[in-house]
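Each of the next two complexes has subunit A plus one other chain: subunit B in the first, subunit C in the second.
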Partner chain A sequence: MNDTSNRANQEAVLALCQITKEFPGVVALDRVDLTIRRNELVGLVGENGAGKSVLMKIMIGLIQPDGGTIKLHGEPITLKNPSDAIRNGIGMVFQEGSLVPNLSVTENLFLCHEADFRKLGILSLRSMRAAARELLTQMKLHIDVDLTVAEISPAERQMVEIARLLWLSQVYGHDNPVLILDEPTTVLADKERETLFSILQDIKKRVSIVLISHRLQEIVENCSKIVVLKDGKNVTEMAASEARLLKVEQLMVGHSFSADRFHEDEQRTRGEKEILRVENLRKAGSFQPLSFTVGEGEIVGLIGLVGSGKEEVCKCLAGLERADAGSITLDGRKLPSGSPSSAVRAGLGHIPIDRRSEGLALMMNVAENVNLLVLNRLKAGGFLSPARERKNARHWVAECQIKTPSIATLCSNLSGGNQQKTVISKWLSSRVRLLILDHPTRGVDVGAKDEIYKLMRKLAKEGIGMLMMCDTLEEDIGLANRLLVMKDGRLVKEVDSSPKMKPNPQDIISLIV
Partner chain B sequence: MIRVSDRLSRLVSLRKRFPAPLAAVGVWLRRTGTVAQILSLVILVGVFAIGTKGKYLSWANIQVILSLAAIPTILAIGLHLTVVLGGIDLSVQGVAALCAVFVGLLMRNQFNTNDVGLWIIPISMGIGGVAGVISGLLNTGLRIPSFIATLGMSWVLYGMAVYINRAVNVIILDERIFNAINGMVFGVPQIAILAVVLAVIMQFIQNRTQFGRYLYAIGGDEAIAQQGGVKVVKIKIAVFTIAGIIYGLGALLFACRLGVATSRMGNGLLFPTITAVAVGGVALTGGLGGAKNAALGALIVTALNDGLVLMQVNPYAQQAVNGIVLIGAVALTLDRKKLGFIK
Partner chain C sequence: MVAMKQGDQPETRKRLTRKWKIPPVYITVALLGIVGLLFYLGNPNFLTPYNLNTIISFSAILLMVALGQMCTILVGGIDLSVGGLVSFISVAFILLIKPIGYFAYPVCILVGVLAGYINGIILTRIKIPSFIATLGTGGILTSLAYLVSPRPVNLAPSLYSVVDIVNGSLFKVSNVLYVGLAVLILYYVILRFTSTGRNIFYIGSNIKMSWMSGINIVKTRNIAFMLSGLGAALVGITMSSIRYGGDPVVGTAYVLNSIAAVVVGGTALTGGTGGVINTVFGALFMSMLDNGMTVVGIDQYLQQTILGVMVIIGVTLTFDRTKTPIVK
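This part shows the complex of A and B:
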C-alpha cells in the first residue's frame, strides 16, 4: 500500500476514458473514467445499480460501450468478447464462477489450451498435472490437482480461477495482466478472506487488480486506490491511505435526499392490527434468532449489506427456504416453515428480484398473469369464465395503471416498470395481506419508479403490510415507516422513519458497516 | 449410483485410517467411478450363483453372458456419449433397422446378386454416421432438443427401412464376419473381445484427448465451456456422428450374428441400451461416466436377464424387473441440483 505514491507516475496499463453506456430508458454509465496502473490494486465501489458491473463487463468485452475509448498501454483497442480480452491480458473472476464443476482442477486450469501438452493428439496427463502443481505452488496454494472442482471449497475455486487467468496471460505473453475480481469475498469465511488478500498482495508484483466489493472495510484496508461510482458517474478517486470508511460510504450514497420523491406526505401511520409476527426465527449459517412485527399498512425496510442475512430472512418468510426454528404468524395464523404454497394461501405475496424469471410468466399475457392466483374465484359452473377473467384483469390493469395496449398483450412485450406493476397487481387481486418486495425498482426507469412508489403508498392505505429491501438506502429511508438494520446475520437495530423525522443516511450507514 | 459411490469411496479414501495400498485402490475406484457398479455385479452374481446352485457360474453360462452382452455394450458405448453431453440419443432402433436392411441387401444373400464383401463394414458404419450427422444438425442447427430430434429420426429411418425391406427376412450367405465374431480365444467369445477393445479405445479418447475433455466440459456446464472457447456445436455434431457410426457397427454385427437381416431387427434395442447406460452410472444430467460405465452397465443388465432366465422367472416379471432397475439406477445417478423443474 505504501508504494502507491512512488509508483503513481508509472504508466497506465489499462485506461477507460469517458465510457458511456445506455440501456433502454437508463443511462448505465455516463462518461466514466478509470485508470489502472502497473501493480496497482484498485477498489471499485458503489451501490447496487451504480454501474460497477456494467463497467466490468465493458472491460472484458461482454458489453460494448456506446461511447468512449479503452486504451491498453496507451493504444486504443476494442474488445470483442471475453476471450479477446484475455488475449489482451484482461481477465475476470466472476461471482458465479467459470469453472466446469465435474472436471478436475488440472483439467479446468488448461481447458481449451491443452495444445502444449499434446503429442500425436494424445494428452500427457503427467505433464499437465506437473504444470498445474507448479502454477498453484507459485501462488503458494496447496490444492490436490486431481480433485474435481465440485469437491474443493469456494475459496479454492477462486484461487484456481485466478491461477488460470494468470497462466493464460503468461501464455499470451503479458507481463502485467489486469485481473478483475467481482465480489470475491461474499462466499468466503473470514480466514479464507485473509488468505485471498495475502495472495492478492503477493501476486500484485506481477499483475494489476481491480476489486469490486460490498465490504468497504476490506477495500480500504487492501487497495491502493479507491474509485467510487454513483448513478453511473465517477464520484471520486482517492488513494486508500487517505480514505475513511464513513467518507466512502457517504460518497456512495450521496447527499441528495428529497421528501417529495418518495411521497412522504402520503405515508400513513401503522394501523392497530398486527399483520406479521416473527418470533425467534433462526437459520444456521444465515441469521441468528430474530423477532419483529409488521403492522397494518406499515412499510418496513430491511437493510444491511449483501451477506447480512436479509435475503435469507425474506426467503424464509416466503417459504422458499426452511428456517431452523422460530415461528411466523400471519394475520394470527401460524405458517408452516418452508412451504411457499401455504404462505400464498395465507395471504403472503413475494415480489422477487428477478421478475423476468420468477415473478412473471413472460409468455403469458397480462390477463393470464393477473388472474393466475385467483382462478378459483373466476369460475362459473366449475369452468373458467372468460368474461369474469376479462373483468378481473381489466379492473386491476386500471387500478395499478399498467400501461399495456390490451389485456391480451404478452408480458414479455411490456417495459420493466409495467411488468413490475403486473406482478404487484397479481398479488393484489389475490387479496394479499403482506407483500415482500425484493428490490421492487431494480432495472426500472425513473418515471416507472415513481409510479411504483405511488402504488406502494396506495397499498399501505388499503392496509397491506410490506417488508422491502431496496436498491438504495435513500429509497429504504424514504419509503419506510420503520427500518430494521441487519449486520452479520443479526438484527442490530430498529430505527423509526416517520415522515418529517426521517433518519440521517449517515447514521444508518454507521450501523450497517 | 454416483452418490452411493461417492459415499463409499469417501469411506475408502480416508487415507489416514487405511494402509496406503488399500487407500490407493479406493482412490482409483473413485476416479474411475465404478465402485457401485462392481459391487452390484458381485452381489448379483452371488445371488444367482446361490439361486441356481452354481449353474450360473459354469463357464458355459459365462460365455453366454459375455457374448450376449457384446452388442448392448457396443450400442451403449455409442449412446452414452450423447448422455455425457447432457443430451440423449433415441435413434438407435431406427439406425440399426436401416443399417441391417442395407447389410442384408448388399452382402452376399439369398435375395439378390449383390456382394460387396467386407466393404459392408464401412458402408454400414457410414449409414449410421450420416444418420448421426443429421441428428446432430437438427439438435444444434434447428435447436431441437436431442430427445425429440433423435426420436423423430428413429421413426424416419425405421420407415425407410420398412419401405425398402417390406419386412422380409434376408438370409446372409457371406459368413466371414459371422465366423470372425463367433469364434473363441482361450474360451472367450471374440465378439466380447471386440466390445472390450471398443470400450478401451473410447475410454482412452475420453481420458486423453482434447475431444474427450471438451465432451465432459460441455456436459458439466455448457455455458462455461462455450465461454472458455470450446467449439460446442462442432463437438455435439461429432458426438452424434460417432454414436451413429457405432450403431452402424453394432447393427452389422447383430445381423451377421443372426445370419438374417430385416427391418424389424432394431425393435427392442433402445430399452436395454438406455438401461445399460443408466445402470453403468452415466448421469442423465451429463458430464459423468465414460465408456467403461456403459460397458459395465451392459454387462450388469445382461447378467441380470440371464440369471432371471436360469431361475425360470416369468418373462413378464423379467420385464418389470428391468423397468425397476432402470428407474432405480436413474434415481441414484441423477444430480437433481442441475435440474430446475422436472418436466
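This part shows the complex of A and C:
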C-alpha cells in the first residue's frame, strides 16, 4: 500500500462533489464529497443509515442526486442508469448479486453482449467459452465456465460478477474503471475472504475499487484510503496507513453523546411482571438455542452484526418464521410457532424495518391504518361504526402526535416519521403487551427520531415491554435497559444499560465484531 | 419537523388527478356525459325515457357481476370464470324450474357461491394465481353449460310465473332494478361496514403487511371469490328470467364487460383502491356504450372495435398506472 504516498499526484478518476439527496422527510446525503483516484482501493464506512448505499446508487445512476456534480476524469457527467454508468466505466457488485442463477458462467459473463461473439450471424459458443476462460484466468480463477451460477459458491459468484464488470469496461474502452463492492465479504468464509482480497490487490493495478464493509478490520488492512460517513455527511477521510481501528469506530459512532438525547431521565426500571419469556429457542442455520426474558416496561436492545441471527430471532417471535424448537411465552401464555395471527392476538406487536412494504397500506388513509387491528372493537350492532372509527383514529393520532392534515389523508402522503408513528399507533390501539421494534428510526429525520424516542419512553411507563434492533449502537445503548449481544447465531453476552451507568460503545463493538 | 409538504401529492395519482386532484370517479362521470351527448347528437331517440330505462336495466345486470368481479380485483386477483358461470347458471336455472320450482333460486345462488369458493380454494390452498385458476374453472363451467344443454332451452309458458320474481315489475319499475339495487346495497354494506370488507382492501393494498398483522388472508380471499360467484349466479338467473329461457352462450360477454366496468370505474387492477360507487358508474358507462352504438346505428361488427377503444381510453384516464411498476 505504498501508493498512498504518491496519491497526491495521481489523477482523480471519479469525483463526487457536494452530492445532496433528499427523500421525503429525511436528508440522506448532505453535501458529500468523494474522490477516487487511479488504482486506489477506497474503503467507505459508516453505520446503517449513514448514506453509504445511497451514495453508491448515485455513483451507478440508480438514483439521481438533488444537488452536486459527478466528474469523470474531470468532466462533469450525468449517469442516467446503471448501464449508462458501466458505459462510463463504473460498475457495482451488489450485496445480493445480480447474476442469473440458471444460466452458465459463460452466459452470465457476456449477458446482453453475446453479439460480440457472432460469427456469420450465429453465436459462437466456442469463442464465448474461450473468452470466458481467458477472463477468469486473468483473475487467477479456476471456475468451470459451463457450470450454472446456481452451482458455484457465493465467493465464485462475486468473482464472476467482478470479471463481468471488468470485461464490460474493457469493451467500452476504459483502462481504469471504477468497481464498487457492496459488503462483498458478509457471505464469505475466512479463506474465501483472503482470496477475494488477494484478487482485489491484484486487479487494483488496472481498476479503482470502492469497498463498503462492516468489518472495519479488513478495511483498515486492505484499503489505501478510508472515507467515513455519518448521518449523510462526510466526517473524515484518511490514509489507511494512519488509521487505527479505534479511531475509525469513534468517528463512525460519533464523538460523544449529546446531552440526554435518548431521554435517559425517563428510563424506568423493569417492572415486577415478566412479559416475554423465551426458552431454548433454536433455528438451524440462523441461531443456536437461546433464552431471555423481557419485563414489564423494559426496553431490551438486541444487537449484533447483520447475519448474527438477531433478525431471525425477532421473526420467530413475531411468528413470521417457524423456530425448530424452544418456547415463547407471552404474558404466561405459550405462543404457537410460525403463526403471525396468534402472535398478534396474544398481544405481540411488530414494527417492521420496511414500513412502506410491510407496515402500512400506503394507499389507504390514516384512520384505516390505525384501526386495522381493532375493527371488532369499533363495531356497533355487528357493523363497523364510522363514528367510532373516527373517534379511535383521532384519539391515536393525537396520542402519538401524528402530523397529518386529517385522518382521511392517505398514508403515502405522510413523511417517514409520521408513517412510522402511524404504524406504532396501530399496534398501541390494539393494546399490545410486547412490541418488537425493527429499526424504528430508520429513514426518519432527527426531529421525528426524538418524538419516537419519547413515545417509546411513554410506552415503557405504561408497562409495554419492548425488544428493539436499532440503526446505531448509540441508539441501542441510549434507549435500552438491557442489551443482548448476539454474534454468529449465539447470544454471547447480556449487558446492563441503566441510566447514568451506560456501557461504552467501544466495549460493545468489541463484543459484536 | 418537515412533516407535511403541502401540495406534495403522492406519486401515486393518475396524470389528470395529479394536476387537478379529481377523484377517478368524476372522470368516469364526465366520460359518461360526453359519450352520452355524442349519442344524443347522433340520434335524439337515445335520450327517450324508454331507452334510458333499457340502459339502466342492462346496467343493473352488468353491475351485479361487476361488483363481484370488483371484490376479486380489490383483493388483488381477478375472476375470469364469471362468463362460464353465468352461462351455466342460465341453463341450469331454467332446467331446474320444472322439477323444483321456486327452489331453483336458492339452489342456483348456492351453486354460484360454491363455484366462487372453489376458485378461492384453488388460489389460496393450491396457490395457483387466480388468473389461471379462474381461466380453468371458467372453461369447465362453459363446457358444463353446453353439456347440460347444447342449445338454448325455453321455459314452458305454464311456468312463467316462477321467473316473474325477477321479470315482473313493481310500481311500474322492473324488478331487475330492485334486484340490482339490493345487490348494490349488499356489496356496499359488506365492503364498507364489515371487517371482511375492510380486510379485502387491506389485503389488496399490502398483502405482506396484512399477513404480518394477523389478517386471515385465506378466508378473506375465499369470501371475495364467493361474492363474485354470487354476482355471476344472480346475473345467470336474471338473464334467463327476462328471456324466459337459458342459453349456454349468454355469459360470454360478461368476462370482458365486468372487468371493463370495474376498471373504467377507477378501481386499480393491482387491488386495494376503488369501490362500489366507482363500479356503478363503470357499469353505467359500459351499458350506455353498448346501447348507444346500436341506437345510432353503428355496424354490429364495428361496435366491438369501438368498445375496445373506449375501454382503453377509459382506463387510460382513470387507472393509475404510475402506481404499478410492472403492469401484468
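Keep in mind that, in the parts below, the second predicted complex is superposed on the first by the 492 of 513 C-alpha atoms of A that agree within 3 Å, B and C clash if a C-alpha of one lies under 4 Å from a C-alpha of the other, contacts with A are read in each partner's own complex, and residues count from 1 in each chain.
Throughout what follows, contacts are C-beta pairs under 8 Å (C-beta built on N, C-alpha and C of every residue); 3 or more make two chains touch, one makes a residue touch a chain.
Note that the structure is predicted; figures quoted are calculated from it, not measured.
Looking at the shared chain after the overlay, A:G121 reaches subunit B, while subunit C stays out of its contact range.
Of the two partner chains placed by superposition, A:G46 touches none, neither subunit B nor subunit C.
Contact with subunit B, but none with subunit C, is seen for A:S83 once the two complexes are overlaid on the shared chain. Contact comparison for subunit A: of subunit B and subunit C, C touches the greater number of residues. When both complexes are overlaid on chain A, the residue A:E358 reaches subunit C alone and has no touch with subunit B. With both structures placed on the common chain, the touch criterion links A:P440 to neither subunit B nor subunit C.
Contacts of A:N102 after superposition on the shared chain: subunit B is touched, whereas subunit C is not.
No residue of subunit A lies in contact with both subunit B in one complex and subunit C in the other.
Residues 1-6, 8-12, 189, 192-195, 198, 201-202, 205-206, 208-216, 272-273, 323 of subunit C are the ones touching subunit A in the complex. Of all the residues in subunit B, the ones that touch subunit A in their complex are 31, 207-210, 213-214, 216-217, 219-221, 224-225, 227-230, 287-288. Interface residues of subunit A, counted against subunit B in their complex, comprise 82-83, 98-103, 107, 111-112, 114-115, 118, 121-123, 125, 146. Subunit A makes touch with subunit C in their complex at residues 24-26, 318, 320, 340-345, 350, 352, 357-364, 368, 372-373, 375-376, 379, 383-384, 403-405, 410, 412-415, 417-418, 426, 445, 447-448, 451.
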